[in-house]
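Presented sequentially are two complexes of chain A, the first with chain B as partner and the second with chain C.
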Partner chain A sequence: MAASKITSRSTIISLLIGAVFVVLLGARINSLENYTFARVVQDFLNALTLGSLYALIALGYTMVYGIIRLINFAHGEIFMLGSYFAFYAMTLTPLPWAISLLVTIILGGTVLLVLRSLFNLEEPKRTFVLSLVIFGGTFFLLTFRKLGWVEGLTLSMLATGVAGVLLEAIAYKPLRGAPRESMLITAIAASFFLQNFGQLVFGARVRGFNAQTILNKPLNFHIGPETVYFTGILVVVPLITALLLWVLNLFVSRTRLGKAMRATAQDAEVAQMMGVNVNQVIALTFFIGSILAAAAGVMYAIRFGQIHPLMGLMPGIKAFTAAVIGGIGSLPGAVLGGLLLGFIEIYVVSLFPTLSAYKDVFAFVLLILILLFRPSGLVGEDLTEKV
Partner chain B sequence: MRKSLLLAVLVILGSFAFAQVKIGVNLELSGRFAAIGNQTLNGIKVAHMQMPKVIGQEVQLVICDDETTREGSIACAQRFVNEGVVGVLGAISSSMSIPAAEVLQDAGIIMISTSSTNPQTTQIGDYIFRMAYTDDFQGKLAAAYVVKDLGAKRVAIFRQIDDDYSYGLAGFFDATAKKLGAKTLVQDYVANTVDFTAQLNNIRGFKPDAIYYSGFCAEGAPFMKQLREQGFTQQVVGADASDDPQCPEGAGAAFNNWIFTGFATPNLIPDPEAKKRAEAFKAKYFASIKNAKPGDFNGFVLAGADSYNVLVAAIKKAGATDVKAVRDALANMEHYPGVSGDITYKGTDGTPKDRTIGFYQYKVKSANDWKKIELFGKSTAEVQ
Partner chain C sequence: MRDYLLTLLSVGLAALALYFLTVSEGTSGLLSALTLIFIWGIAAISLNLINGQLGILSLGHHGFMLIGGYVTALLMLPARERRPFRTRLLSDWARNHLDLDKWLRGLGLDALANSIDAKFIIALFIAGLAAALLGIIVGAPSLRLKGDYLAIVTFGFGEIIRLLPNAPEVAAFTNGPLGIKGIPGNAGNIWWTFLALLLVLWFFSRLKFSSYGRAFEGIREDEIAAEAMGVNLAYHKILAFTISAFFAGVSGGLYASYLQSVDTQTFNFFVTFFLLVAISLGGLGSITGALLGTAIVVLVRVYGGFLEQPNPAWVGYLSGAVLMLAAFAFSAYIRKARRLRPVIEPKHFIFGAVGAVLLVITIAFFKQPWMQQTVQFFGMRKMLLAVILILIMIYRREGVMGRAEFSWKLIFGPREDIPTDEQRKQDAWLSNPDLNPGLKEDGDDDASA
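Let's look at the complex of A and B:
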C-alpha cells in the first residue's frame, strides 16, 4: 500500500515536471527568431547522428557490464585504437609485399588464434578454410591497392576486437575472483595506459582523417527556400547502429553462445557448473564490445575528420553516461540513452545559444534526475548491486 | 659525523666545479597544444645552443611538461620553486601561464611567458613578463581587418568559453567590430568539442559575411570541416592559436584560405636589422633541429628563442644569479636586439613595447600538402 502510494506520487511529480518542461520548450521555440522548419530538420538530423554515435559506443559498455559487472573505463581507448587502425589501414596501403606479408602473419595469426578460442573451431578442416580466408584476405587487402572505408572498417574491427580480447586476458582475467573495486581501478589504469601508449606509438599530434569516401558526399535537399545540409554519414551511422543492435539482440537471444552469455550474466559460477566455458564467454563479450567500439571509432573519425590518442576520453564518458541513463546492462537502453544524450546536446545549443557552453551540464543533470527517479535507468532491470 | 662532513665537502666542491645557472622551461609538450609547445621548445633549445654560458657558468635548462593542463602547469611551477631556478620560460598559452604566474610571483621567481597574449598574465605581478603582444591589440587589428578590409557587416564569433585566451580575445574583437559598425553574434563552445553542427545551425539565420574563430586547432579542425559541409562559404579569420600545423593537418582541404593573425615571421618584421637577425636564426634553426619541416618554423619558435635570450641578457647585466637583481635588469631592459624584433620592457607591465603581428593565410590542398603565405605585418608602434 505504502509502496504504491509512493510510486503514484513520483509518477505525478515526473508528469508535472514533464508538462512544465514541454510548456517551457514550446514557449522557447516560439520566441526564437529565424528558427524555421528547415533548421528544425537540420537539428534533428545532427542530433540523430551524434546520438547514434554515442549509442554505438554505449552498446559496448553495456555489454561488458551486463556480463561481468565491470565498467570498462578503457572502452573509450579501445574506440581510439579502432580509429587509428582504420587510419593506418586506409593511408598506408598498399604496403610493399614483404611488409604486408609480415603484417598478415602477425595480424592474421592473432586473429585466427582468438577466433578459434572464441568460437570452438577445433575441427581441422574448418580451421584450414578459416585461416586461408583470413591470411589470404588480409594479404590481398594490404598489398594491392588503397583501402576504402568499408575494407578499412572491417580490418579495424577485426584488429580492435583482438585488442579487446588481449586487454581482457592481460588486465582483467587475473582479477576474476578479486573484489570488484580492484577490477574497476584496473580498468581506469588500463585506460590511462592506453592513452599514454597511444601518444608514444601514434604520436601526440592530431591527425586528419580526411579520406574522401561516399560518406562525406553532400546530399543536401531543400525545404522551401532553405537548404538542409547533410552528408552520407548522417544516413549510415543511424543505420549501422540500428543494424548492429538488431544483430546483437538476435545473437544474444537466439544462439547457443548468446544463451551462454545470458547464463554467465545471471550467475557465472552456476553457469560454469552447467558446463558453460565462462572464460570463453567473457572473451567473446570483449571481442564483440571492441568490434562495436571500432565501428564507432571509424564513424566518429570520418564524421569529425580528426583523430588523436586522447580522443576516446570524452566520448567514453558520454557513452558511459548514456549507458547509465538507459539502464546499464540493457542493449536497447544503451541506444535510447545515447540518442537522448545526442538530442540534448544539440537542442540545448540551438534553443539556448547563450547556455551552449553548459550543454554537458544539462546532460549530467538529466543523469542525476533519472537516477533519482529510476535508479536502474530508463529501461534497466532492477539491480541491487551497483558499482 | 665524518660521513656527513665528507658529504658537505663534496657538495661544496661539486657546486664550485659544476656552477650552473638553472632556467626552468614550462611548456605544453603533450596534450592539446603539443605542436606549439614543441616548436617553442625547439626555439629555446637553439637559443641555448647559441649561448650556452652566462657569467662564466653553464646554463642548465630544466624542462617540465605541463601536459596542457592547469594542474600540470602549477605542478611545474612548484617544482621550479623547489629547484631554485632563476627564471621560468613559458608557458605558451594564457590558460596555463596565469596559474603558473601566480605561484612564481608569490615565490619571487621571474617568469617569461613565450606567447601568452591575455592582458591579465603580466598584471599578476612585477616578476611576470611575456614575449608576445596582448589580445586587446590582436583583437583590434583582426576586427579592423575583417570589418574594413574584408568589408564584413555581420560577423559570427566563435569562442572557447573555458579558455582565458580565447574568451578574452573574442571580447576585444567583438568590442572593436561593434565600434566599427558591424553586427556580431557570439557562439560558445568548450574544450574538446567536436560537434559544432548546432552552433552552425544557430548562425545560419544570422547570415554572417565573415566568421571569427578565437580558439585552437584541436577544435578548429572539426569546426572547419563541418562549417564547409554545412554549406557555409564565408571567409574565416582566426588568431595566433591557429598558427599550428595541427590545423591544416587535422582538417585538410577544409582549412584552405583560412586567414589568421600571428607572431611575425622574419619576412614580415619591418626593422631590417631585426629581420637579418631572424633570418640568421632561421638558418641556424634548420641546421640544428633534425627533421625540421618548413611548416614547423614560425613566430612561436622566435618567441621561445627570445624568451631565453632576454633572460640570459638580464643575468649578464645583473652579473649574478640573484633573482631580484636579474628582475630589475629585465624590467629596465631597453632595445634588446632580439630575433623577434626589438625588445623593450622599460615602462611597461612586462609586455614588450614594439611587437609585430603578421597576417597569414593557409593554402591547403590536402593534410600533407599545405603552405602558409605571408600577407602583411603590422607593428604595435605603428597602430597605437
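Let's look at the complex of A and C:
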C-alpha cells in the first residue's frame, strides 16, 4: 500500500517537473526571435538521430550491467572498432583473391567458432551449413565488388560482435567472481588498450568516412523561407534503430536463449542451477551489445563523416549516462534515456548557444545528479545494496 | 631504536647517492626519471589511501592534481608572464590579483616574497588546501554511494574538473586550452621532490598505524562491523578523501612546476589510470608497494621509449606474431598447470592462428615496399601498461607487496614467529601450574565441571 502511494507521489512530482520544464522551454522558444518552425524541425531530426545512436550504444552497457554487474568501459571502443571495420570493408574491397581467402579463413573461422558456441549449433549438419554460408558469403562479398554501406554494416556488425565476445573471453571471463572493483579496473584497462591498439593499427589521424551512398545526398527542403538540411541518414538511423530494437525485443522475449538471458539477469546462480549455461549467456550478451554498438558506430561515421581511434570516448560516456538515466539494467530504459539525452543535448545547444562550450560537461553533471539522487534511473529496478 | 637508525642511515645514503648523481655528468635522464618517480609516488601514495586503505575505488584523482597544478601555476607566475597578451584569455583581474608575491608583500613579509623557494612552499600548501576543499565538495555527496557507482561519480567529477578550464567563463582564470606557461621550475631541482616524498612517506606511515588508519582499514574490511565498533563512517571517509586530495594537489603543483607549464591535457584521465596501474602493481593498501609500483611504471614510461622508435614495418608484424604465439603458449601452459585434464579449447587456437598468419605474412611479403617502409609504433607504452594491469587483475590481484609494508624486520629480524626469551617466560608462567597457582584452581574447576 505504502509503496504504491510513494510511487504515485513520485510520478506526480516527476510529471510536475516535466510540465514546468515544458513551460520553460516554450517560454524560451518564444523569447528567441529567430527560432522558426524550420529550426524546430531541424533540431527534432538531429536529436532523433543522435538519440537513436546513443540508445543503440546504451543498450550494450545496460545489458552487460544487467547480466554481470560490470560497467563495460571498453564499450565505446567496441563502437570505434565497428566503424573502422566498416571503413575497411568499404574502402579496401574488392580484395585480391589470395588475401581475400586468407581474411575469409581467419575471420570466418573465428566467427564460426564464436557463433557455434553462442547458439548451440553443435550438430554437424548445422555446422556444415553455417560454415558454408559464412565462408562462402565472406569470400564472395570481399572478392568481387566494392561493398555498399548495407554490406559494410552487416559485415562490421558480425566482426564487431565477435570482437566483443573475444574481449569478454580474454579480459573479463578470468575475473568471474572477482570483486566488482577489479572488474571495473580491468574494463578501464581494456578501454585504454583498445584505444592505443586502434592508434597503432588504424593510424592516429582522422579519416574521412565518405560513404558514397544515397544516405549522404542532400535532400534539403523548405519550410517558408527557411531551409531544413536533410539527408537520408536522418531517416535511416531511427528506422534501423527501431528495426534492431524490434528484433532484440523478439529475441529476448520469445526465444529460449532470451529466456535464459532474463533468468541470468535475475539471479545468475539460481539460473545456473536450473540448467542455464551462464557463460554462454554472458558471451551472447556481449555479442548482442557489440552488434548494436557496431551498428551505431557505422551510422555515426556516416552521419558525421569522419572516424578516428578516440571517437568512442565521448559517445561511450554519453551512452553510459543514457543507460543510467533510463535505469541501468532495463532495456526500455536505455532507449528512453538515449533519446532523452539526444534531445537534451541538441536542444540545450540550440536554445542556449552560450552553453555550447559546456555540452560535454553537461552529460557528466546529469550522470552525477542521476546517480546521487535516483540511482535506479527513471524506470530501473531498485539497486540499493542489501545487507 | 635500531629501525630508526637504519631508516636514517638509508635516507642519508639515498641523499648522498642523489648528491653524487647531481654533481656527476651525463645523469640528467636518470635524475628526471627519479624526479618523476618522486612526484608520481606522492600522487600514488595519496590515491592508495582511498583505493587501498579505505577500499573505495576513486577515479577522480586527476581532477585534484589538476586543481593543484593550476593553483600553483597562477600563484607562482612571474611578473613578466603576467603582462597582457593578445591571445591570452586570462582576465586582468586574475592576472593582477592572484599573485602570491603581491599577497606576501601586502602582508609585509618581504623576506618571504624575495625568496622564490619560500613562495613555492607556500604555493604548494595553498594548492593542497584548494584540492582538499575540492575533495570535501566532491566527497561529501558521492561517498553516500558504494562500489562502482561511487567510482563512476568520482570519475564524472574528475572529468568535469578537467573539462571546465576550457570553458569560456572559466578561461579567465585558466587561460583556456592554451594553458599557463612560464611557471618557475623549482621542482626541476630533485631535492624538492625528494624532501616532499620523505615528508609524505613519514606522514602516511604514521597515519596508517594510527587509530585513524586502523579505522580506515576497518571500513575497508567491513563497513557494518566498523560502524558497530564506533567508527563514524561518513567522517572517516571524507577525512581520507580530503587528505588524499590535499597530497594529490601538492603532487599536481610539483608536476606543474616540473613541466613549467600546465594545461588540461597534462592531467587527463590517463593520469588516474597510470596511478591505478602503479598502486595495483605495488599492492593496494601498501605505501611502500605504491612507491615500488610507481617506480616500475615510471621507468617503463621513461625508458620504454625504444618501443616507439621508428622501425621498418616488418618489425611490427614480426613482434606481433611473436607476441601472439607467446600468448598462445602461455594460455596453454596456464591451462595445463591449472587443470588435471588439460583441455585446450578451439578458441585458444585463435591466438596461435593469428600469430601464425602474421608470421606467414611477414615472410611472404618481406620484400614488398610497404613491409620495408619506416613506421612508428605510437602508444606501445600505454598498451603495455594496460596489459600489465589486466594481467595483474587476472593472475595476482594483490600486487607485488600485497598489504604488507617494507620493514627492517623483514631483512634483519627478529622473526616474530620465534618467541623471545621473555615471551617464553611469560608463556611458561601462563601454562605452568607450579609457577602460577591461580592456574591450578581454574584447572581443577574445569576438571570437576
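As a convention for this text, the second predicted complex is superposed on the first by the 346 of 387 C-alpha atoms of A that agree within 3 Å, B and C clash if a C-alpha of one lies under 4 Å from a C-alpha of the other, contacts with A are read in each partner's own complex, and residues count from 1 in each chain.
Convention: a contact is a pair of C-beta atoms (placed from the backbone, for glycine too) under 8 Å apart; a residue touches a chain by one contact, two chains touch by 3 or more.
Because the structure is predicted, anything quoted here is derived from the model rather than measured.
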| request: In the overlay, answer first, second, both or neither for which of chain B and chain C A:A357 touches. | output: both
| said: With both complexes superposed on chain A, which partner does A:Q199 reach: first (chain B), second (chain C), both or neither? | reply: both
| message | Going by the contact rule set out at the top, does A:E269 touch chain B (first), chain C (second), both, or neither? | response | neither
| task | Check the residue A:R207 against both partner chains and state whether it touches chain B (first), chain C (second), both, or neither. | result | first
| task | Return first, second, both or neither, reflecting whether A:Q42 touches chain B, chain C, both chains, or no partner chain. | result | first
| task | Take the contacts of chain A with chain B and those with chain C, and give the residues found in both. | result | 199, 204, 357, 360
| said: Touching residues of chain A toward chain B in the complex: what are they? | reply: 33-36, 39, 42-43, 46, 50, 199, 204-208, 210, 216, 218, 220, 227, 229, 231, 300, 304-306, 308, 310, 313-314, 345-350, 353-354, 356-357, 360
| query | Contact residues on chain B for chain A in the complex? | reply | 30-31, 34-35, 161-162, 187-190, 192, 194-195, 197-199, 201-202, 204-206, 217-218, 221-222, 225-226, 229-231, 245-246, 249-254, 366-367
| said: Could you list, by residue number, the parts of chain C that touch chain A in their complex? | reply: 57, 59, 141-142, 144-149, 151-153, 156-157, 159-160, 163-164, 166-168, 224, 270, 273, 276-277, 280, 346-347, 350, 353-354, 357, 377-380, 382-383, 385-387, 389-390, 393-394, 397
| For the chain A and chain C complex, residues of the former touching the latter | 69, 71, 102, 106, 109-110, 113-114, 117, 166, 169, 171, 174-175, 178, 180-186, 188-190, 192-193, 195-197, 199-200, 204, 317, 320, 324, 357-358, 360-361, 364-365, 367-368, 371-372, 375, 385, 387
